[in-house]
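Presented below are the structures under discussion, each in the form of structure tokens.
Shared chain: chain A. Partners: chain B in the first complex, chain C in the second.
Showing the complex of A and B:
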């Protein structure tokens, strides 16, 4: 009996060892590095000193603030994806083409997207040329060279690229909803708005939650590519984000211990959202099976 | 199906047999030396020992033609030393440092690594990633290498220079003439530069081209402009470790001068949204009259625009420090890693790169001047390159970016220049920013600050 109780662990052991080696060791090593500092050429334990120094670093604080500002893209992305998905679900003419077109940006590499938009948003770029051509030259701006406009410009590109994933997610869920639910609501006299309010959105609730959490994780720890390619964190740190800060600390300034401290913080914050996402998925699975 | 199975079975059998047959074949020679006569050539086994040297490098980025030269050099060396083979990995600007930092952390990677000069090399000595090379290379060789001082620290030399990279102001004589400027007497003083800007603007030519979005040009501008009131790169090293202040007028004046150029309309308006390369293209395409350039690109630009549209001048002077009228030059070079199992062989190859044949071949392949005085100067036929060679050898001065903390370069120079062009900071604020960044660097990285202090000595 005792043997049978432990038997599953024996089967799991190889996988657990692999997981610990692949994920556990790097994490432990990262935490250790974050608590050390090189003194006279030798790594020495310094407790939380690196973390304290971080919170006195104005560039790090700017990076955190920018990551928080980027969170503004989440409701916009989710809302826009929802609206577009609902319209596509109405089977408007050419909806399959629109669906593909909207999803296409999500498939493109971030570096390619960043490069293309860098050219579009230059002071002498395509967008400003277009504005001049239609007589709206007064709206032309230095989209990437201005400290006030650079971050909103990056936010726009993030939304443009990420919204397609939401549309496809929402549309897939909507297509699996029983048609009778919509028919019943229509028979009961529900207008278009009521149909969305009382049928569509409740049916999408779990997917909306999932996409929201994924989008939050994306803007917290997956925006390096956008910023690195489009602005390099500038002008004057106006678009600095924590991921880029980690990269610069570790690889440009040769301060791996400080970079590790930021990575631990980033991992903890992202971990909360990953945990949340897992819980939501668990709840969603339970909902599907019950 | 049956045939397929037979073939597969046969292949499987062969796979089992080949190693089985191979084993005795490799064991046989092991016994041979025991029976061999004592007077058998002692060097034979050493000569036969296969050696593979891994090289990570970057030179093609600023010296087009370097790839072909390196391929040829590796082939020639392997031909003369059949036991030595190479693996050469070309890095991009963005991966050059991160890839090596990762390799250094793992103590695994290249035997020979490409490095920029100064701190970019020396900081790897502080982390024990590279070894001193003085004893690996004959003393008479060192006499021929140029700009060795950038790689010296604590009485040792931590790398070998390869080629020279200098910063002239490049101008387009045709556009100068169009604006009523004399291309034979380009601006030598700051006031003359401002007047030239006005004249070029008057004929709708961008006076000076630039792009600061990717930051790198900010570091160049610091090195080119901040030096003029100072006598030595040590002034900046001392300020970085807190022995002087970056808020002193001598250190903030360059910000004011740069602002003056901006306010006078000397730069392209879109400088803030262009990368350095894109800014440079404005000059190469004939839209801009001047460029704070790099002499390694001259031959490449000449292929596009012709040598007749390339004139060279020193940076117009606004101050009279000893660094004001020198020619900024650094040597890009090599280091040998501390984990290399073949440091002597790596050093031997670096010496081979400096043989007169290879030095001359380098210049022919790239049009870039090698960091070696054995270059046959009769090969330099272009007057512009003759000018560069003369400046390199008679008035070469340090590239300041190589003597400051990289954090200062990024967070003060790169970011500060961007803020200045965006109109968001004054010279005084930028001086304070530089001072704050250095104070932060010392606090976050006291070990590096201590190393810098030792370096100053």
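Showing the complex of A and C:
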């Protein structure tokens, strides 16, 4: 189709202006802020001092460690989603209804979910009452108030919420696989496990990769809502994560320069995974031809 | 004999599957169930037994929720932000997607990939520099300021999805229109857009869910009490020393219902759209 040369840019302009305003300019500003220190309202260039201070800050290091621990949720989320998707795909009765209910947690606001779960997990909460009722009262714990249990409890909620997206993704891909492929394997005498290993998993490979990368990015840099609502980073710093650290530094302790330094680091880490993700997308090949 | 045994095996296998799926479904639904039953109990009934059905269902909690905490103002704020940013981002995204899907220009592929990569940038990263800038521009505690940020955050995914969709519209239709004297903008308004209803619905649902549920940006850029959103209001409920849990649950339920309704309305498109957006 013929267009005048400047025409594409006319259509792109509003989007580009917005993206430059919300991403481009802040990125530059962020890097500058992270290299400065403001004293009495006057910013001064201090090089990498903020970064050096960060790595001496126990709270920051704890936050990084916690983000890394959160990575443990990824294999659980992916595995669980896979099992549930395969079971639903085998058309058990009412699979459509199950798909919808399993997806529901993914839709609900983290804020609301977090608040509900904190009432479920608190010392006088539902879970402990339930344990009491079935005669397992000895197992009752202060799930969010204990330094050892708080992070695992948050991890449970993250898995609870994120699994549904995986189920829907996997199930959709499975349903687009040629039925003959499964039939052929069955005719060849493949049992259930062989069927999964040689047909289902290979067919799902790219989607599994995609969901894994997305889950990793999520637990490294999108868990603010969970900790902010459920624990506020506590008890102590037991559930402190880098995002919450940025928020507290920047907006509670007014240390914008330190917050910027953490943001730059977070951006670099995410960048690695963005690169991975882009390569996956490239492989799934979005043909940009007109 | 053997086939009978195999049938028994298959039956127990499918029974096991069913049980596993039911277990996780119950787990997925439990917090919702808890929200619902608690919101219908009096405080005394709640403390008596937290997980049974309400022995004497009441609606007082909903009245309390609506009366307190500037609930209606927050509801209105969330609605204004959602409608404003979703509508504007959709418009801007469609224009850009038209260029990406139907026109050739140097650097297209690079620009497109660059934009895609913005999709997973954690918002927290931009919050500090944006705040510093917005303070200077006097945009903190305004709808415009927050909507501006939301549009930027919604754009990458929206452009990606609309580009995908425009590419599925047969070229012949567009070319025939051009021969009949349709301008390039005419192609956009009279052919591409009217055919895009499914994609537009998907995007509207996905983006509305996201803005409605968003906490971090709202928390930082809308701090003044009368500007707060529903989610910010909810997030601050827990820190209260004295908490009326049944009333809180009623409030949560009302804050969540628009999302569930929107989802049910767009469900058919929603799942397909998510997949189209995620893995083509």
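Details
We adopt the following convention: the second predicted complex is superposed on the first by the 261 of 290 C-alpha atoms of A that agree within 3 Å, B and C clash if a C-alpha of one lies under 4 Å from a C-alpha of the other, contacts with A are read in each partner's own complex, and residues count from 1 in each chain.
Here is the rule we go by: a residue touches a chain if its C-beta (ideal position, glycine included) is under 8 Å from a C-beta of that chain, and two chains touch if they have at least 3 such contacts.
These numbers come from a predicted model, not from an experiment.
When both complexes are superposed on chain A, chain B and chain C end up clashing with one another. Looking at the shared chain after the overlay, A:207 reaches chain C, while chain B stays out of its contact range.
Residue contacts after overlaying the shared chain place A:250 against chain B and chain C alike.
In the superposition on chain A, A:235 makes contact with chain B only, not with chain C.
Judged by the touch definition given at the top, the superposed model places A:101 against chain C, while chain B stays out of reach. Once the two complexes are overlaid on the shared chain, A:145 sits against chain B while remaining clear of chain C. Touched residues of chain A, counted separately for chain B and chain C, are more numerous for C. Applying the stated contact rule after C-alpha superposition, one finds that A:125 touches each of chain B and chain C.
On chain A, the surface touched by chain B in one complex and the surface touched by chain C in the other have residues 118, 125, 232, 247, 250-251, 256 in common.
For chain B in complex with chain A, the residues that touch the partner chain are 97-98, 101-102, 105, 123, 126-128, 212-215, 269-274, 405-407, 410-411, 414-416, 418-419, 421-422, 424-425, 436, 440-441, 443-448. Those residues of chain C whose C-beta lies close enough to touch chain A in the complex are 13-14, 17-18, 20-21, 24-25, 27-32, 34-35, 38, 49-51, 92-93, 95-96, 98-105, 108-109, 111-113, 115-118, 120-122, 124-133, 148-149, 151-153, 155-156, 159, 163-164, 167, 171, 174-175, 178, 184, 188, 209, 212-213, 215-216, 219-220, 231, 234-235, 237-239, 245, 248-249, 252, 255-256, 259-260, 263, 267, 271-272, 274-275, 278-280. Residue ranges on chain A touching chain B, taken from their complex, read 37-41, 53, 56-59, 118, 121-125, 142-147, 231-232, 234-237, 247-248, 250-256, 258. Per the touch definition, chain A reaches chain C in the complex via residues 1-3, 5, 7-9, 11-12, 14-16, 18-19, 21-23, 25-27, 29-30, 33, 80, 83-84, 87-88, 90, 92-93, 98, 100-105, 107-120, 125-126, 129-130, 160, 163-165, 168-169, 172-173, 192, 206-207, 210, 214, 217, 221-222, 224-225, 228-229, 232, 243, 246-247, 250-251, 256, 259-260, 263, 266-267, 270, 273-275, 277-278, 281, 284-288, 290.
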